[in-house]
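Both of the next two complexes hold chain A, though its partner changes from chain B to chain C.
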Partner chain A sequence: MIFNSVEFFLFFSVVFVLYYLISPKLQWGLLILASSFFIMYSVPSFILVLLVVILFNYVTGIQIDKAKPDALKKQIFTLSSVVNISILVFYKYINFLLENVNYLFSTFNADASIPMISVLLPLGISFYIFQVISYNYDIYWEIEQPERHLGHFAAYLMFFPKIVSGPIERASRFLPQIKSPKKFDYQNVVPGLQLILWGLFKKVVIADRIATSTDLVFNDVGNYQGLSILIATGLYTIQLYADFSGYTDMALGLARMLGFKLTDNFNRPFSATSISDFWRRWHITLSSWVTDYIYTPVSAEKRGWNKWGIVYALFLTFVILGAWHGASWNFIFYGVLHTMAVSYEFLTKKYRKRWSEVVPTKIYTSISNFLTVAYFGFTLIFFRVVSFDGALLAIRKVFFDFSLSLSGLGLGISLKNAIIIVLGTIIMLKLDKWKMKKGGLNILLAAQSGLFRWLFYYLIVFSVMIFGVFGTNNFIYFQF
Partner chain B sequence: MDINEILKELNILYRRVLENDSVSLSLETTANDVDGWDSLNHMRIISEIEKQFDVKFALKEIMRLKNIGDVCDLIHKKLA
Partner chain C sequence: MKAFVKKIILFSLLPIIILVSINYFYDPANLFDPEFSYERSIANYLNEGWNVTNVGNMDERMLQKYFIEGMKTAPDVVVMGSSNSMYIDSSFYPGQKLINNAVSSATFHDFLAIYDIYESKGFKPKKVVLGIAPYMLIHPTNDFWLSYKEDFFDLSDKIGIEVQIKNKPDYIVQWEKWKQLFSLSYFQQSVNRMFNNKDIHITHQQFGEGSTKVNDGSYNDGQYYLKKSSSQIDVTVKRFIASSTNEFSGYTEINKEQKELLINFVDYLIAQNIEIEFFMMALHPIYYDYVSNKYPIVHIIDDFLSDLAKQKNIKVIGTIDPDQSGLKNSDFNDYCHLNLNGFYKTFNIYD
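And now, the complex of A and B:
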């Protein structure tokens, strides 16, 4: 049930009305029921995995806190991490691991032929497993207290606006919110609706329209020339942002309508002037998670290695961040490419600082910004093309099979589509920039005249109705 | 060594490691307030502190540091 579907609209309307009709003391119960229905709507058995994860971590959280001496604390914490990671590895990576084991044996002329296991990836598992890992970490580090109300803890992990694709919300930010009763309040409902509308615009007008062209090219790289691939790469960069930030806006909007404030995942990523800067602006709840729970502990552990300790920690962090997206060498390599960029930036900081003092600021910033976005787009080739060979072929084509002829690009974009994509993208990037500067879409819109606000609503609603592409496309991040 | 002396020494150390003479620390200062004190430089600073004050921090202690006040308290506790 995706957010931009009729089923979801009906589902949410019912939940919304009931939520404000029942006693606020029971709201968490309704959220659990609604979330269970939402999860079971795709594959009913998915709920079982989630229930096991909830019960297990509810117990470990309390036990880590209670345990004495510290050695026992550590044992329970380690056990919880091992179990949580094993669950994720089993559902997400088992066949990838088996495939590679088989391959390794075959290179030694041994035949392992371990058969693949048929497993479905449970809805949202990459997101909720990360949330329970950090939950146990925070209790182990004595930064947070464990949650003792099982219902509240379950609602934290199940909360349907964020179950499928995040944001990866920290327990310390979510749990206090579920403890306060929610009354119907226009100050929540209106900003929520605005965000949902805005997210819908990004998804159906921009992302899904671009998807038609990028799917053509990236599903059959061999049949396209370098220029087509280059344009498709640029378009895919915009598509991914429109798709995932559109999803996130809708998730935040839905949560807000129910009285919750979730963490935004984006802060003008295309204004970044380095890849390190980029990762503070792109998929923020994932990048801050890997910073706090992988990078910082590893770099602390290896601080004796000085700067090589940092590079080592960066490598582990980005490889895991890459692999988090899926079980394939492409995603791992995507992580390696980002390790290389961030390590380069870290090791050449002094040298680059000297350059920045010589070159006029505006020029230096513009060049850095262009290089950052271009490099990110380049890494997305490995993110989007399914096979490693396919990704390499795409890159070879950009360099060695390049023709400036515009005929036969084969992107399937009509002039009308091109205009909608360009205008839509400009509106999206401008508005997101203002939104972040002002501290929120509702604050930005409240500062405008009533006429402007209504014009904006009409523009968005009519664009969605007239130019929206409906029906076929799931959100990209649903597969992770 | 009292907290104020530790703070003074830390200020000199931060200026040296971050190569930034405008750093001015108070007990409430956090990483967000200091230019260049990011996650990439954080562990360099921590290991410089350990060398200078001849102390050793546990991972748990490092993870709990929220501001300069926490850093001073931790050093103070280790030296006591």
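And now, the complex of A and C:
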């Protein structure tokens, strides 16, 4: 059940009305019921994995807190981490690992082959497993107290607006919210609706429209010349942002309507002037998670290695970040490419600072911004093209099969589509800028008259109705 | 909360009213016309000798029924098939009266139903051209033929074939129809119809700006297709390959029900002393390269039809493999539809 479907609209309408009609003491129960229905709507058995994760981590959280001496605490924490990671590895990476083991067997002419395992990736597993790992970690380091109310803990992990693609919400931010009773509040519901509407616009008007061209090129790179692949890469960068930030806006909006404030995942990533800066603005809940739970502990442990300890921590962090997206060498290499960029920025900080003092600020910032976005776009080739060979072929084509001829582009974009994409993208980037500066779409709109607000809403609604692309395009991050 | 709900309802009224009314009144698929007046009027014009342009979505089966029922004289040649066969017009069989009854997404059920309408009318053609698209032999049937299911069952009873239909309950059919009033993709087509006048026009010209239904039942695409360059079509084909679940995917053998229908229908026509021709449509070279390497069923279909034709002494026009008919990329409108030039080559009109 995707957010931009009629089924979800009906589901949420019922949940929303019931949520504010029942006693606030029972709201967490309704959230668990609604989330269970939401999860089971796709594949009913997905709920079982999540229930095991909930029960296991509920117990380990309390046991880590209770355990004495510290050695026992550490043992329970280690056990919880190993089990959680094993669940993720089993469901997400097992066949990738087996494929590589079999490849090694065949390389060494070993007469053995391990059969693949038929396993479905449970909905949102990458997101909730990361949430429980950090939950136990925070308890182990006594940053947080364990949650003793099983229902509240379950609602934290199951909460349907964020279960599928995040944000990866920290327990410390979410659990206090679930404890406070929620009353219908205009100040939450209206901004929530605004976010949903805006997210829907980004998804169906911009992302899905671009997808019709990028799918064409990236599913068949061998038949396209360099310029087509280059343009498709640029378009995919916008598509991914519109798709994922559109999803996030909708998730945040839905949660807000139910009285929850989730963490935003984006802060104008295309205004970043370095890849390090970019990761502080893009998929923030994931990048801050890997920073807190991988980079910081690893770099602290490798202090003795000086700057190479940092580079090592960066490598580990970005490889895990890349692999988190999916079980393939493409995603691992995507992480490696980001390690290279961030390590380069770290190692050349002094030189770059000197340059920035010599070159006029505007020019320096513009060039840095362009290079950052271009590099990110380049790495997305490994993110989007399904096979590693395909990604390498796409890059080879960009460099060695490049012509400026527009006639054979084959992107299948009509003039009407091009205008909608360009205008939609400009509006999206301008509004994001405005949103970040003024503190939110709701604040911006609250300053306007009622008539203006309604006209604005109608403009978005009719744009979605007339220019939206309606089909079966799922949100890109649903696959992770 | 009451005030909020009231406000939301009030706000939603305008978009919903606009959505529903435009979908209802501009109705691009003519769903909300129980009398089939659109189909009836086109059939009447065709029978009066007019060509009809700007033909839009309709129930093609009902059009065929009204078209045949309104005919005054029997045709010599009847063409049946899917959209791939719609270009076959009278010029392909000079000196004979040809009627093309091809319908989109045809199955062999359509062949039987159409032939039965001719029989009920007391018309017996001398020749029947069966345009067979590969999918017809492997896919299970669709629901479109249910529009004239009485005609189908009339002939299937005569032929002695028992066909079970898995009818959807009426309330589901009605729900699927009425929910289009709220469909946003239907709304986009309705808006398109609103701004591009889609009223049908009658003419004596065979090629119009919009699509044209010719009075012999054949069909011509409008300028949209005619203006498409070969490279644009290549892009469309690549896009189709990249984005769709392939029509051959998952099929390893000929569908038993379809096979039985075709063979029994052919035998029935032969028994009636009616000459049969098979028209096998070629696939676009890019598409053929892709599917012929990936899906062995393509060759199974080809062999089955060739063997059947040999066995029953049926003339075969065209092949699935475009090379064998000397067809190039420029002879196609998309991945499986020949353009007029492609048809002329296949039917050796140039020779």
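Please note the rule applied: the second predicted complex is superposed on the first by the 475 of 480 C-alpha atoms of A that agree within 3 Å, B and C clash if a C-alpha of one lies under 4 Å from a C-alpha of the other, contacts with A are read in each partner's own complex, and residues count from 1 in each chain.
Here is the rule we go by: a contact is a pair of C-beta atoms (placed from the backbone, for glycine too) under 8 Å apart; a residue touches a chain by one contact, two chains touch by 3 or more.
Source: prediction; values computed, not measured.
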Chain B versus chain C as contact partner of A:W454, first or second or both or neither: second
Touched partner set for A:N306, first chain B, second chain C, both or neither: first
Chain B versus chain C as contact partner of A:E7, first or second or both or neither: neither
Partner chain(s) touched by A:D389 [first = chain B, second = chain C, both, neither]: neither
Which of chain B and chain C A:T291 touches, first, second, both or neither: first
Which partner, chain B or chain C, touches more chain A residues: C
Partner chain in contact with A:D220 - chain B first, chain C second, else both or neither: second
Common interface residues of chain A - those touching chain B in one complex and chain C in the other: none
For the chain B and chain A complex, residues of the former touching the latter: 19, 38-40, 42-44, 46-47, 50, 59-60, 62-64
Of all residues in chain A, those that touch chain C in their complex: 6, 17, 20, 184, 186, 189, 212, 215-216, 219-220, 223, 407-408, 410-412, 454, 457-458, 461-462, 464-466, 468, 470-471
Chain C to chain A touching residues, read off their complex: 1, 4-5, 11, 14-15, 19, 182, 184-185, 187-188, 191, 231, 234-236, 238-239, 241-243
Chain B-facing residues of chain A, complex: 140-143, 276, 291, 295-297, 299-301, 303-304, 306-307, 309-310, 313, 346, 350
